[in-house]
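One chain, chain A, appears in both complexes that follow, with chain B as partner in the first and chain C in the second.
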Partner chain A sequence: MFAIVAARPRRALAKMGALLASSAMILSGPVAAQSIDPEKWTPDYVRSIAGKTTVDTAAECAKAVPLDYEGQVDYWYVGPNEANPELEHKMYADFWAAWEETYPNIEVNAQNLGYNDMLNKLRTAALGNAAPDVARLPILWGSEFAAKGQLSELKPEDVGYDSANFWPGAMKSVSLNGKTWGIPTNNETMAFIWNAGIFEEAGLDPEKAPDTWAEVVEYSKQIKEKTGKAGYGLVARVNAGNTPFRFMPMVWGEGGGALDEASESPTYQDVWIGKEGTVRAVQNYYDMYVRDKSVPVSALTNTQTENQDPFLANQLAMVIAHPSEYATMLDRANKATGSDKEAAMAVVNNMRYGKIPAGQDRRAVVFGGSNVHIFNPDNVEGDLDMEAAKALVCFMTGPEWSTKLAWVSSNPGNTRGFETEWMKERLDTIKFLDVSTSMLPSGIPFPPVAESPEIMNIIIPEMLQNALTEKMTVEEAVADAEKKVKALLDGM
Partner chain B sequence: MNSRFRITRWHVMGWIFLATLLFFAVAPMVWMLITSFKSQFAALKYPPELIPQNPNLEQYERLLSPKNDVGRQFLRYMLNSIWVSTATTVFGVAVAVPAAYAFARFRFPGRKALFFSVLFRNMFPAVVFLMPLFIMMRWMGLVNTYTSLIITYLTFGLPLSIWLLKGFYDNIPVELEQAARIDGCTRFQAFYMVVMPLSAPGIIATAIYSFITAWNEYVYALTFLNDDEKLTLPVGLQRFFAEYATNWPGLMAASFIMSVPVVVMFLILQKYFVRALTEGAVKA
Partner chain C sequence: MSKTHRSEPSTRGFFGRIADHRLDYLYILPALGVMMLVIAYPIYYTVYLSFFRTPPSLAMQDKIFNGIDNYITILTAESFHEVTINTMVWTFWSTFMAMILGLGAALVLNREFVGRGVLRGLLLIPYVISAVAASYIWRWIYHSDFGVLGAILLQLGLIDDKLNLLDNVDLVLPSLIVVNVWKEFPFAMIMILAGLQTVPDQLLNAARVDGAGAFERFRHVTLPHLKGVLVITVLLLFVANLNHFTIPWIMTGGGPAGASDIWITQIYQIAFGRIRFGIASAYSVILFGVMVVIGYFYVKALTGDDDRRHG
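Coming up: the complex of A and B.
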């Protein structure tokens, strides 16, 4: 993804960037209509509304597309595979069974692609006018296809839902040129996960997470000194989405940014990367990696996958990870045999979830999730059956299936899902779910501009690498990154 | 000890060097096999278990049993890979053998230019051709068919196959064919009855090369195929990686199973392969 964007001629990129940046200012349409007040979404509030509503998905979708509609739709998505918990497989199987029952005359050619496979395959297919009719994409991917004119306009109202029932941050991610190009399916934020056993070994309170990034640096040092194990799971790999997902919350928390995405009314035209807050965040990384050597030595080439394994092996104390981490670990523990089962359960029992630490300025986290899009008829293979596509989109973005398909790993994009009996069941059965839902109000989406991938996945990780390898001082590395971002936005 | 063979320190150093190379070649394979017998949790334990404490065959049972979805899918991928690789090999050899023979024996205008142009494609990374080939395949209505993969693999594999075989034919004395012609053979009969048997090791080596290339190819298979039922094994292996997790034992078991047909074929035919490399490829 990012290599292609980086290789694109600067002028074209600048033009697209200007288009997107200006469009980001005209987000007013759908986003302004939001009525969600993120501040009230505390864990208590989430629990208080769960189970209060019953939903009839078939009846709701029948208003958008008749249930006896006959048609066909090609659909690509990142679904569960051999690395996912059994529960996710079951949910997807249930989804397809319910779909066939609801729309028996719409044939869906669904292709479940790997997360690492899908983007480049989709790019090639769209350029070759062989894209699927419908695709569900991670939150950052859609803006690229929208900017290229490869998507059809699509908003919640087109399938009978209200934009006001979706998170403002999520609606921003599907908005461009004042138009809406998709519907959020699920949204989540990362959480701070720690190993209570290692905390205890290091003489820390096993039940108390570090509340600030400064404390993370201190804890990491103490853990390394007392136990010899790595403290914080720092990742700084270039061209890997995991790096900005874990570093930007620290930057925003300390008062910095890439552009002005963390401001109240972002224009995505102001460059914030040179701010003192960014310097503080890079300094935190420098202190952990260079000064204290309290993080994995391989951090410069690590992604979260490389952190997950030592964390589960009891060799790493703190990571920022996905809400699904607990479910994944529990699944592994359940499948372990003999003495492994006991050891696995010990790790599971030691897992603790907390809010992402705050910086000097605020508490922040990346707003993540997925959106569903319908491709432009010119870019799909054969004729686009818009009604069949809308039926599928309606079905998956309703309160029921946006909750069930996000069962283990996320939260419903359609916030009416929070009111359903299924959400109540999730809250009752999935440990730590309320932690990640309570972080949603602190969620900040990455700038929905064409330069975003290059800034987040190339310039920012390179800034970190310049500082962590001591090629530059922290201040020089930040100044260098600021220069690069400005040059990128200027189309240089 | 034989007086003519004395162990010198050079011998010892040589053995150490070879043992080191052997270790780096074999250790990953052994580790892959060991991991495939572990549970997902045990695969991540630290310090790692060199010998699994609770070994199990769960991954193999799942992958090789047509009674469950995972097994059915995996076996389907394996059949698809065998079909695509075999077809690529058969067609590749069928084209490479006469083409290489023509380059070795005939003199025609533009021969050298044509011969080097055959290799021209190999000067570019395969991924450069992804988009143009995809558009061509779509234009021909071949997207999501095995034919698209077979044509693509032939495009990539043929140049080296032709070079490999030409070097081999160059080593077969032309006098043998002339003698056959004097004995009444047509040119084709001389080729078929004299040259081909002599070049069998080269043909086998070319076949192995074509098969392995097609067997391991990933990017084009991922891009051209859209139907789960049609995917090949390298694409299927990605099913063990999720966004936030990897099923290491499953991946290792699948990789091991995937390597078996190629390793067995290579072990049986490796003497021909080595012979072809030493006799043919270096003498273009």
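Coming up: the complex of A and C.
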């Protein structure tokens, strides 16, 4: 399997004896891995392991569910829509064609639902015992259904894979109360993106990203003073996932947290939001927005979407965004006309990707992605065909399709996918993919508790707004948020 | 048949009267059934749910009965008082300004002049534009960094820095009220214009002959005739504004720091952001109570003339 484990001496691996012998039936890579070494996981390393392994998905899944199994499964997912690139549509079409070839006797009723519609539809369906058998959900959603007892237990071993082949952060996101409720399908982290042209104008090294959050504050100030342009694309809108996805890396980096999700063994019972690290992170935001005025004034109502225009117009120097941001900017630049197009293309050529900056404590980033879940038989419509559901889950979480279905905007949840020829092809064709991929070991998932959406999308953005509008001091805003999180966990 | 029954009021009891009118009730039974299903049941269930605690970690069937705790939590929360003040400011000023502008526009359009039809069509545009589209357009007009309004004022030299309306706790609510007034003053205009056209010309001419000036004719002849329309329009706008969700939600999401949060956005956020259907239901029941009071005055205003006529 794979070199996250490859760092482990072969002699030590040999001692794993029977365990490895059994897993070797499934794991076809060069070596088996038990942990991921963040220091080793560099862009060069990601490239070095790609293309080393071949995979036979049908043979692997046949061990979990026979290929001639007859059954039916209802499946909901957030798939590509008209805004997604043609390539993504093709991958999904290929997936279904390959599925029908592999399991010709299992009928799948698949519904591709929009991201904004799916959660409430699923809540309603589960309440009315009309949930689908299988659903692939964004990483933060599953815990709510697990907490309500609406999911079946499901772990990689149930479909023939090894939990060690999935990112530890991803496995945390499907764990609740000591049990596992799903399998990661794809995972990604965001990257730090800057405009080398504006850096040069401001007298900064155009090829060097700020390495720490303190440097981001300094760079942002210098850019504003020297060029009059906004430095960092701060976003602090309430009820928008963009806000915590960009703020929490700073909080974790400085040593804070919401709960104890950044600790080695999180319990999700301890409240960390009142820690000094959180205060430092809010202070960084305050310094940029209030003291230095080096970020967009509209930050309190902005999401990253609103930052794309000023970035492309050469008016904003630094943002945090998905790996696919380069493709998005290139697409938008190509659609521009006249002198606008020329200017936008110049910005695209000046785009640089780097790791998310580190804080005083560590380097961290939000671990994103999706997980697949099987619903509780009591909550689905009709009878749950568990074997058919497992066959589908096995097929989509294997190294092949977890890589191909994540082609444009994510990465395989099954880390064996990184060794495949398809991963190599992705690295050769998608610019900066190696940089954003190299951040995966630093990824921390949001707490997999039912209260997470409220903490991340409301309490934390409100804390920022209270400080940035000077309704409260930084310390008061953090203390207020701590009080709210504690009350929330106490069931108030 | 039913006519006969109405003209001869029965002295029998409640059920007896229903029996007398059984055919009438049969006619309205389907409509009554639909109303029970789509109006009465949701109201009942909302009131019922308002007495339960529904934390996001619990399935709905496991909800916990907590009496009136949800109401106490809402009414004693500091945020409730802030949001209530915002709601009152939003509702009062939106209604008041829409009425003033609507009245002015209606008085202008009630006179004969070239291009009156075109002007009336233009003034109706805000009312027919989708509220969602209008919110996005105004969000960009107001945008604190790249808004058209700020750019124009800056170029005219009227301001020397970026115009911060939506990201400013003091200016965000007045800015949203301006958008809301722009959106709904045509409704007031149309209602009042219709009322103005019922004012008898003879009375106005008689007042003019008696030497009454324009203001006196308006005050002593036009305004008394408009009273009913004005009251109903105010009540309709008041209710619409109290329930208005689209503009504040899309433009600011209730921010910054809750400065544009009103009851209805707060209810939505509690229900679907915090997944607290119990508290959101209690909040909705409070809002419903306010609506019922306003509804009473609305019905009274509608039937007032009839009552007076019937002595």
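Methods note: the second predicted complex is superposed on the first by the 433 of 492 C-alpha atoms of A that agree within 3 Å, B and C clash if a C-alpha of one lies under 4 Å from a C-alpha of the other, contacts with A are read in each partner's own complex, and residues count from 1 in each chain.
The rule is simple: contacts are C-beta pairs under 8 Å (C-beta built on N, C-alpha and C of every residue); 3 or more make two chains touch, one makes a residue touch a chain.
Keep in mind that this is a model prediction, so the values were computed, not measured.
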Chain B versus chain C as contact partner of A:Thr469, first or second or both or neither: second
Touching partner for A:Asp309 - first (chain B), second (chain C), both, neither: both
Contacts of A:Arg352 with chain B and chain C, given as first, second, both or neither: neither
Chain B versus chain C as contact partner of A:Leu127, first or second or both or neither: both
First, second, both or neither for A:Ala230, with chain B first and chain C second: second
First, second, both or neither for A:Lys172, with chain B first and chain C second: neither
Touching partner for A:His373 - first (chain B), second (chain C), both, neither: neither
Partner chain in contact with A:Arg280 - chain B first, chain C second, else both or neither: neither
First, second, both or neither for A:Gly338, with chain B first and chain C second: first
Partner with the higher number of touched chain A residues, chain C or chain B: B
Contact residues of chain A, present in both the chain B and the chain C interface: 120, 127, 309-310
Complex contact set, residues of chain A against chain B: 74, 78, 80-84, 109, 111-112, 114-117, 120-121, 124-125, 127-130, 132, 304-305, 308-310, 312-315, 321-322, 324-325, 328, 332-333, 335-341, 343-344, 347, 381, 409
Complex contacts: residues of chain A adjacent to chain C: 120, 127, 144, 147-150, 230, 237-240, 296-301, 309-310, 449-451, 453-454, 457-458, 461-462, 465-466, 468-469, 471, 491-492
List of chain C residues in touch with chain A within their complex: 53, 55-60, 73, 139, 143-146, 162, 164, 166-169, 251-259, 269, 272-275
Residues on chain B engaged by chain A in the complex (per definition of touch): 39-42, 44-46, 53-54, 56, 70, 130-131, 134-135, 138, 143, 222-223, 226-228, 235, 238-247, 250-251
